[in-house]
Structure formats: structure tokens, C-alpha cells
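Note that chain A is present in both complexes that follow, paired respectively with chain B and with chain C.
Presenting the complex of A and B:
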């Protein structure tokens, strides 16, 4: 790979993407503001999936459930125990670590389809728990009145301000993801993705590294869930975290480009916004949306960002040839 | 190396441009400080004392009054959303043919909520920010309304709903009005009727595990236990296709009456068929989704003899008959409850607007004072915003349902 082909992997690109995201609230109308807040929150969850799937190559279909675990952790602590926003967000990290380590060590000896099935199982079980553990989760009625963050006496409940709260989390998450890919741990993830056996012969503790990737994904998912509970509607219910959400998040990652940080972000923003942008098509949007997804998967198997990377990589080569 | 870094810097520079341009445009809102309050309004009248609709309120222009609709046009409950749209289209056409409301042409702006909570919130945001509506006809699903409640209150948006979870109007802060009886009434009526008709010792409950189904099931369970009847419950998830496990388990309990509290009619028909396949002949008494037109269209043969406590019954009353005939003529099919309450909400809003003019606060006050006769019966709001307390016991016969008795008489007086 030439230097030029890694152009889009340069930190400038990530910085430019974050600047673009930071300017979004000024560019969209108030209706789309709600959509982009949701997009940024989903992007953080999808970044989690980028570690476990994009880098370490393990198919996880429970990201929506981890999102739900974080949302319920934040909502319960905020409404029942009056914990402030920073404390509940800290608790979502703890919840993510707990779920990641516990689930990781029990399921990550499995590979391929079996691991996917185990994560599906967790997603379904988590939703049943949200729905039926009424004394804690308030069952199907969900939890209303999750408090927004307060900074210096100002309540950041409007989407405009909450967007920047969410974006700050995404920026930190993206930087960590960016750095990690280029670190020894990132290389270990990639080694496992390419060949587990070969990776183990080079001294990588496959299980521990996989659990680390998995835990990163659960932490990102849970923190994003916490952000979801505190913002937008301040209300969560089990139907928000159904299995479909995990599948949607997977689609977001695949469409954006699974092995890059910007890809995860672009995919999440795009898939969140698409149904709203296509609203003018009325009932027919689902058909158009479905066809668009199929076309993207068929013609851009590396995702939008992967396509962009190869497009950029092709251009300088022509320049060099002159 | 210079060649490669330049595009990166260029991108940064380009992206900073919109930031710089828009930074000075004054689009930054002011953060909320605790304790912000809203003002009140008075009915809009002209010098002769006649109520008029002045421009200025959200959704009111020189010629037009915009009403938003947040409905499930796609997704799991798309069939009921389609009926809602038909019913509202017809109501608005009729209103506009007779001069609109206070001389304004009524425009209904539909926003699909995709049958999900985030979708309902997006549709609400679109109605408020994009379409700038005066009032909203909201969803029939309780969790969707719960997800919307904070925004409805902060936007002070008068919202008419069909969702029946008992607490919704109370949480609505005076902005939410409900046009169907709350689950607390329907659930009690199911048990009251079952006791009167079958004197059961055991009652089985099959319910959707969503807010609507589990809320209704909890009311049935409490009412039955209070009457000394033993109860066994089983739940399913909206859209399930196989109910044999739940039905077998409930059959082994040996119930005298089978009760159901289902959210979607699509699900009712599937478990009705499986009930028949399992040879269960226990009488069934359930909630309103049994007798929707969607149920009859999908599988009336499985529902014969089933009884339901409903707030809407086709051809009950003169208003209803006239409406059903017009609907049948216009669309070639029969209307059902997914459409009836929206029609009633539209005419109820019309009556209130004709008292208040187009001032939102005055309109909210007027909603508490008007009375109309709708397709669901006599409508008038209580303090909380519950407009409809009409309930009937009906039984499925052929491709429709017949009224058995007035269920409100079975309930203890409120």
C-alpha cells in the first residue's frame, strides 16, 4: 500500500470529520437536529462494534442490548437515586466493563456462527429482562424523566446543546479508537481477525485480547445508551432496545466501512438520517431504503469509507505516473 | 509528502467555512434555566363578539390551519395506520367542504412514526419544527406517547391521542387529550362481563408484553383476584408468530374464561387460529383489537363467538351509521376503531376551535368545555383530559360484531 492510499487514515481526516460534525447543528433545521443527535449517539455505539468486528473480526449481534444495558443503568440511577449526569455516565462505563468481561470470558471461546448465536441469545435475554424485571426496569412502561446534564445552572436539555455533549463523548471515543488501531493492541486485534492460530503462535493471548475487544464494544455501547437515556426524550422503554437495533447497528458499521473509525461514524449518521431524509417518499421509503442498502452492499462491499479510500488511493497513482 | 498533506488541510479549511459563516447567524438557542413558564390566552373574538381564527399562532396562516398527524404508516402496525389516514382524509374533506374551521382550510400533515418510539419522536419533531402545526393527532401506542410526552409539554402542543395506558393524560400536563377509554376501564369491564356471563373460578390472560398489553393484563388480574378468581397470565411479544407454548400452558391451567389483551390485530388473528388448532373451546373475552376491521379482514373465521369490550362498534348510533356508510362508499371497505377515534378527535377539536379561535391556550381550555356526539358515542373531557368513557360488549358473528350490552353499566359508578 502506497503512502497516498492511506491518505484518509491520516489524523487530519478524522479531525475534518469531527469539525464537520461540530458544524452540523448550524447547518440543519431543528427537526434534523434531533436526528443528528441520535446519529452521533448511535455512532458511538457503532464505534464499539468497530473494535470487536472491524478490528478483531468477531461477529457480535448484541450491540443494541449493550446500548440498552447502559440506558437502563443511567435511567435507573438518575430517576431513582438522583445521581447526576457524570456519575451515571461513570456507572455506564462500569456496567459495560462488567457485561463485557463476564460475557466475554464465557462466550469468546466460541467462534464464527456460534459466537454470533451466543450474542443473539444475550440480546434477546437482555430485552426479556428489560421487559419483565418490573420492580427494577418498570417493565413495558419504561422509565420516564431521566434528567439531562446540568452545567453551571444551565440545563442542557435542548438538542442543540445536548448534541455537543454527545459529540464530546464521540470525539474521545473516536480518538481512542484511532490511536488503538495503530498500537500493539490494535495490531493484536488485526492479527486475530486474520488468523487466530497464527496470532497465538506469535505470543498473543487470543482469549484475553478478544475479551478486551469485546469489552471495548460493550463499554462504548453502554456509554452511548447512557447518552440516549439522558437526552432526546428522557424516556426509555424495552422496545427501544429490541434485537432489530443490534442488526441496524451492524448495518451501520458494514455500510460505513467496518475497519475504520470514520467509516463507523459515517455509517451510523447515514443510516440514522436516511429514513428521515426519505420521508417525502411516504410509505414507499422502506422500498427505496432497502434497495439503497442492497446496492451499497453489492457495489461497495468495503463500505462507503472503504470506497472513498480506494478512490483517493487511485488518484495520486495517476499523478505519480506522469 | 506535501502532496498528501495538502488535501487534509484543504478539507479542514473548507469545513471551517460553514462554521464561520453560520457562527454569526444567531441560530444558537438559549439554554433553559430552571423555572421557565408559559403565558395564557383568551378566546379570539371580533368586535361583534364572534369567534374568529387570527393568524399568528403556530400552524395558522391567512387561509390555512395545519393539524399534524403522527401515525404508524409503515412498520409493524401499518395496517391500522392506513385506516387512520383514510378516516382523517375523509373527515378533513368533509370539514373543508362545509367551509373549514372558522373559515380556514384545514390541512392535515402526516408524519410516519414507523411504528417505533424513536420514529414517533422524529415525526413529532418534524410536525413541530418542520411543519409548524397548530395541534397534533398523536399515536395509539402508549410507549410512543410516553416517549413524546416531554417534547409535547415543552412545545405546549395540544395533542390528541388514542393510547390507553391509564397514566398518559395525567403525565401530559394538560396538553394531552385521550379519545379512547383508558385500560383501567376496559380491563375492569372484561372481568365484570366474564363474571356476569360465566361465573368463572379461573381466568386465563394472554397479553402482549408491551405497555398496552401488560397494563391491561394487570388490570384484569387485579379485578379478577379482587373477585376471588384465580388467574394465570402468559405474554408474547408484538409480532410473534407462534403462540402454542403460551396457549398450551394456559390450557393446562383449565380456565373457565380465556381473556386477551392484545395490541395488534395482526397478532390476535394468529393466536385465534392456533387456539382453534389446539381445540381450545373456552369462551374468549378480550380487548378492542379483536373486532378491528384488520382482524375481520385477516381471519374472521377464527374469531366467531369471541366477545370483546370495545370503545368502537360499527353502526352503533346515528353518527356512526352515517360515517360508516360514507366510509364504505368512499373506500369500499368498513371503518374500524383505528380511525374512529381520530375522526372524533378532529371534530372535537373543530368544536373547541369554534369556541376559542386559534389561540393555543384558549383552545386547550375550550377542549375541557365542549361536548360532541362522535362515532364512539357522547364525548366530553374530564379534568385530566380523558374524553371518552363509552364501552360496549360485542360478540363476533359472521364478518362483523354485534352489540351484546352497554359495558359501562357493568362497572361501578365512577
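Presenting the complex of A and C:
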């Protein structure tokens, strides 16, 4: 089965998805516009996980914390130093690179669970710093009044307009992710996921390539965090970036199917909408969500789309393994 | 001097709690090569069960404790059957995520069933004890005593009995164990049940100190996790010593350095260990450098 034969791998699919996303604000009830904006922002962060986990096969458990690092970077620069939107977003990229390279080179030398361990450590420390470094982060009170982007004197603070700002970032991120998978770098990611030792014998510098995949994930996470701070309520607090967010982002990636760009985006949008759809569950929502995570990995190993696809295609499965 | 003794006993006791949860991590990790992210919640949930049995059912304490431990064992078996077993032939990532799902479930079902207000459980022994010319909370000594007895018992079972040897063989090499006629699936089920039991003991012991909340397990688990890395992932003595080291560091650090950042010490040490000596104090050399 060649990679390009799959529905999610076709360029039309990505194009159709982006068109659908562009028309989404006209299709949904304005009441839910905020949810849709959040979905697009989360989708960008989940695309980061697509590089490091989907393609390179490394488990990172701190995507929510990298999201938080970007959000705090943007919020602090915007409220304290009056940096405009493009400058703060540039700073989130720098923050992402810094975290990715520093954490990546120190932990990715080792195989196995060490990245997972170190990222958990990072996530916990990041949250403690958000909560306790009051002079800078304002502690549990959070930071309010992060300024929205301004284009030609027009303030984009309404969800409807901000949605397109976020979507522009997502589209660029998606195209980069799409191109990259089909480049030598993307093949190197996949080679490392399948077998590190074999990858290194073909001349791949395993450490550098893993750090690159990880740094892409931290940059995507931090930029998405910056978008989160500048939009929606223009307010952030440590609660927004708890460990559960990192878990949720992993679930988004798994639901969509780990290794495709459209899968990551659809997974993120669906899981973001889930609390609204399942509102009738009320207090039981998160408990049901936990069970759903287990069921997802047990019964849908290829994600929702992978399952749909094989159900639609009805391939003779017996032949696949040969 | 008095203060140092008091802090030392407190640190040792907290370290023992971490050690119990850390052992749960290590035993499951050795048996099936997966980190169980629900390990902390296997301490939290039984603590709620105990609180429930004591207050709502008004059972006497020993009966309630036995009931809680039984619950934990059954839960460990169900957990193995429904979550680990279907995923046993997949890579470690889906299994880890499934255990995270269980963790989210346990935390939130506890929140729904028992509420967010901390539940108090009376200490097993009230009051204070005088040692080295100063007074310490008796519960700390109960924690240390129970844990030490449990560790000794565990050592004897693993080292001296047939089932212990079968468990060890399964952990070392599952195919070989199966060839020798050991029912490895059953051994893995026993490992899950015992890890759940260790978690329940930790929960029962720590409940009188902190009060029981749905979040109780999370922080303990993260610390215990750091302890296993510091001690050397997969090493039983490493996990215990790493946990005691963390407990002491935390208590003395909170007293003399900063109480705000008390919970960060463990993770700063964790990252330092990953940088300088990734195999931990007692671990085997980490293989396959990239």
C-alpha cells in the first residue's frame, strides 16, 4: 500500500479541509464562534505533535506547557512592553526554538521513555513558575488585557475576524507540515520512528533530526499559545495550561490519526467541540472523556479517519501484511 | 536540633509514601515495559473508598481498611484485563495514553462521587511520640513502620517464594518465562493487582496527613515518578532510595529555601539527573545512544 493512495494523503483533501475551515464562521451558530476559534488554535499546537510524535515517533507530554510558554511570552510582551502583535508572535517563535533546542539536545540523546519523563518534568516546572513567579506572570490572577492584532487601523478583536488571523497561521503551519512529510527531512523522521539504528546506518544524524522534530513541535505549540493569548478573552492564567491540556492535545492527534496533517486538524476541532456536544453529560463529562480515551486507543488505533477510510475502502485486509 | 529531627522524620515519611507509589511504577514497568500514569490515582481512589466506608457505612477501621485493600486488588485485576491486556501487543505509546485515560477517569469520577472538598480521615494512631528529645507526629512513624514492614515482606516474597521467582522471571524475559511453563499473563495480572495494592496502602497512609482530594494522586505520582528516574528506572532499591531522597529534599528545601517552589525541587533534580546521569543512581547503563 503506497502512502499516496490514502485519502488523507491527497492534496485535495487538505485543500478541501482548508476551504471548509475558511467557510466555517458562516456555517456555525455565532454563539459557538469562540469554540471554533479555539479549535483552530489548538489544531496548530496539535500539528506540532504531529511532527514529533506522528512522524518521528517520540512521546512528548508537555505540548500544553509549550502552549503556555508561548501564551505567557506574548501576553507579557504585549501588556508590559506594548509590543505589537507581529513582534510578540515573532517572540513566541524564538521562545519555542529556545525551549525545543535546550530540552531536545539534553534529553533526546537517549532512547525510550526519557523524552516523556523530561517533558513531564518541564510541564510541572512550567506550571509552578506560571503560578509562583508573581512579579512576571502575576501568579494565579493571570494576565488580562492582551492586545488584539491591528491591521490598517482596524482592531481584530472580534472572534469572527480573529478566526481568520488564526486560520492564516494554521494554513501556513499545515502547508509546512504537508511539504515537510514529503521531503528528505520528513522521510528521516519516519525512518527514526520505525528504527533508530537502521536510520543512523543510512547516514541520518539521529540526534539532530529528533531535535528538529521536537523543536518544530515546541515552536508550533508556542505560536499557538501566542494566538490564544491575543484572541478570545485576551486573558490567560496558569489554569489554562495544566497537564490535562497536554493530554488533550495528544488525544486530538490520536483521534485524527497520528501521521497526517488533515487528521491532526480534524482531531483538534472535534475534541475542542466535544464539551459543547456532550454538555448533557454535565459533571460526568470528564469521567466519560477518560473512558473514551481508553476506548479510542483500544478500538481505533488508526484514529477516526483511519477507521472510516478502511471501513469505506473495505480493503482485503488479509493481503496487507504480505 | 529538634527541628532537624522533626523535619527528618517528616521527610522520611513523605519519602516512604513516594516509595510505595514509585514501587508500583517500577513493578509494572519491569513486567510490561510501560509507565502506568494512573499509579497516583490508584492511591487517591482507594483513599476515597476508605473515607466512604468509614463515614457513610460506619464500618470499624480494620474492616474498612481490609475492604479498601480488597477493592484495590480487584481494581488492579480489572485494570489489567480491560486496559493493558487488549493493548499488550502494541507499542508503549498507546498503552501510556490508555493509562492516562484511566487517570482522567478516576480523578473525575472521584470528583463526581465524592466532591472537591477534602475528606479527612482520622490518623491510625492519634497524638505525638517523643523521640530524640523532641515530639513528632505519630502518623509519620506509622507510615515509616508500615512501609518498612511491607518492603521487607515484598523482598522475602520476591526472593524466597515460587510465585516471587515466577514474577521475576516474567519481568526479565517473558518469552523465556512462557517457555518454562510460567503463566505469564497470570503473573502480569498479579503484578497489576500488587501495584494497585501498594497504591492503596500509600493512599490510606497519606490520607490523614493531607486530606483526600481528587488531585491527591497526581502530585504524589509525579514525585514518585521523578524518584524512579533519580534512583534508576526499573531498579527497586533505586526507587525506594530516590523516593526517600526526594522526600527529605522537599521537606528541608521547603523549610530552608522556599516553600512556594517546594513542588519544583523534585523536577529540577529530575532534569539534572537526566542531564548528568540518565541511568540514575542505581540504574543500569542506558543503552543505544542516538
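Here is the rule we use: the second predicted complex is superposed on the first by the 285 of 322 C-alpha atoms of A that agree within 3 Å, B and C clash if a C-alpha of one lies under 4 Å from a C-alpha of the other, contacts with A are read in each partner's own complex, and residues count from 1 in each chain.
Everything below uses one rule, namely that contacts are C-beta pairs under 8 Å (C-beta built on N, C-alpha and C of every residue); 3 or more make two chains touch, one makes a residue touch a chain.
Owing to the predicted nature of the structure, the values given are computational and were not obtained by experimental measurement.
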Looking at A:218 after the superposition, I want to know if it touches chain B, chain C, both of them or none. Which is it: first, second, both, neither?
neither
When the two structures are overlaid on chain A, which partner does A:260 contact: first (chain B), second (chain C), both, or neither?
neither
Answer with first, second, both or neither: which of chain B and chain C does A:107 touch in the superposed model?
second
Using the touch definition from the top, say if A:19 reaches chain B (first), chain C (second), both or neither.
first
Once chain A of both complexes is superposed, is A:132 in touch with chain B (first), chain C (second), both, or neither?
both
With the two structures laid over each other on chain A, which partner does A:73 touch: chain B (first), chain C (second), both, or neither?
neither
Touching A:283, do we find chain B (first), chain C (second), both, or neither?
both
Using the superposition on A, tell me which residues of chain A are in contact with chain B and, in the other complex, with chain C.
132, 283, 285-286
In the complex with chain B, residue positions of chain A that touch it:
3-4, 7, 10, 12-13, 15-16, 19-20, 22-23, 25-27, 29-31, 33-35, 38, 131-132, 139-142, 144-145, 153-158, 160-161, 232-235, 237, 239-240, 275-276, 279, 282-283, 285-286, 312, 316, 319
Interface with chain C, chain A side, in the complex: residues 53, 57, 59, 106-114, 116-118, 120-122, 124-125, 128-129, 132, 196-197, 200, 206-207, 210, 243-244, 247, 250-251, 254, 283-287, 289-294, 296-298, 301
Residue positions on chain B within touch of chain A in the complex are 1, 3-5, 7-9, 11-12, 15-16, 18-19, 22-23, 25, 27-29, 31-34, 73-74, 78, 110-112, 114, 116-119, 121-122, 125-126, 128-130, 142-143, 146-151, 154, 165, 167, 171, 209-215, 238
Show me the residue ranges of chain C that touch chain A in the complex, using the header's touch definition.
35, 82-83, 86-87, 90, 92-98, 100-109, 111-112, 218, 222, 225-226, 229, 233, 260-261, 263-264, 267-268, 270-271, 274-275, 278, 286-290
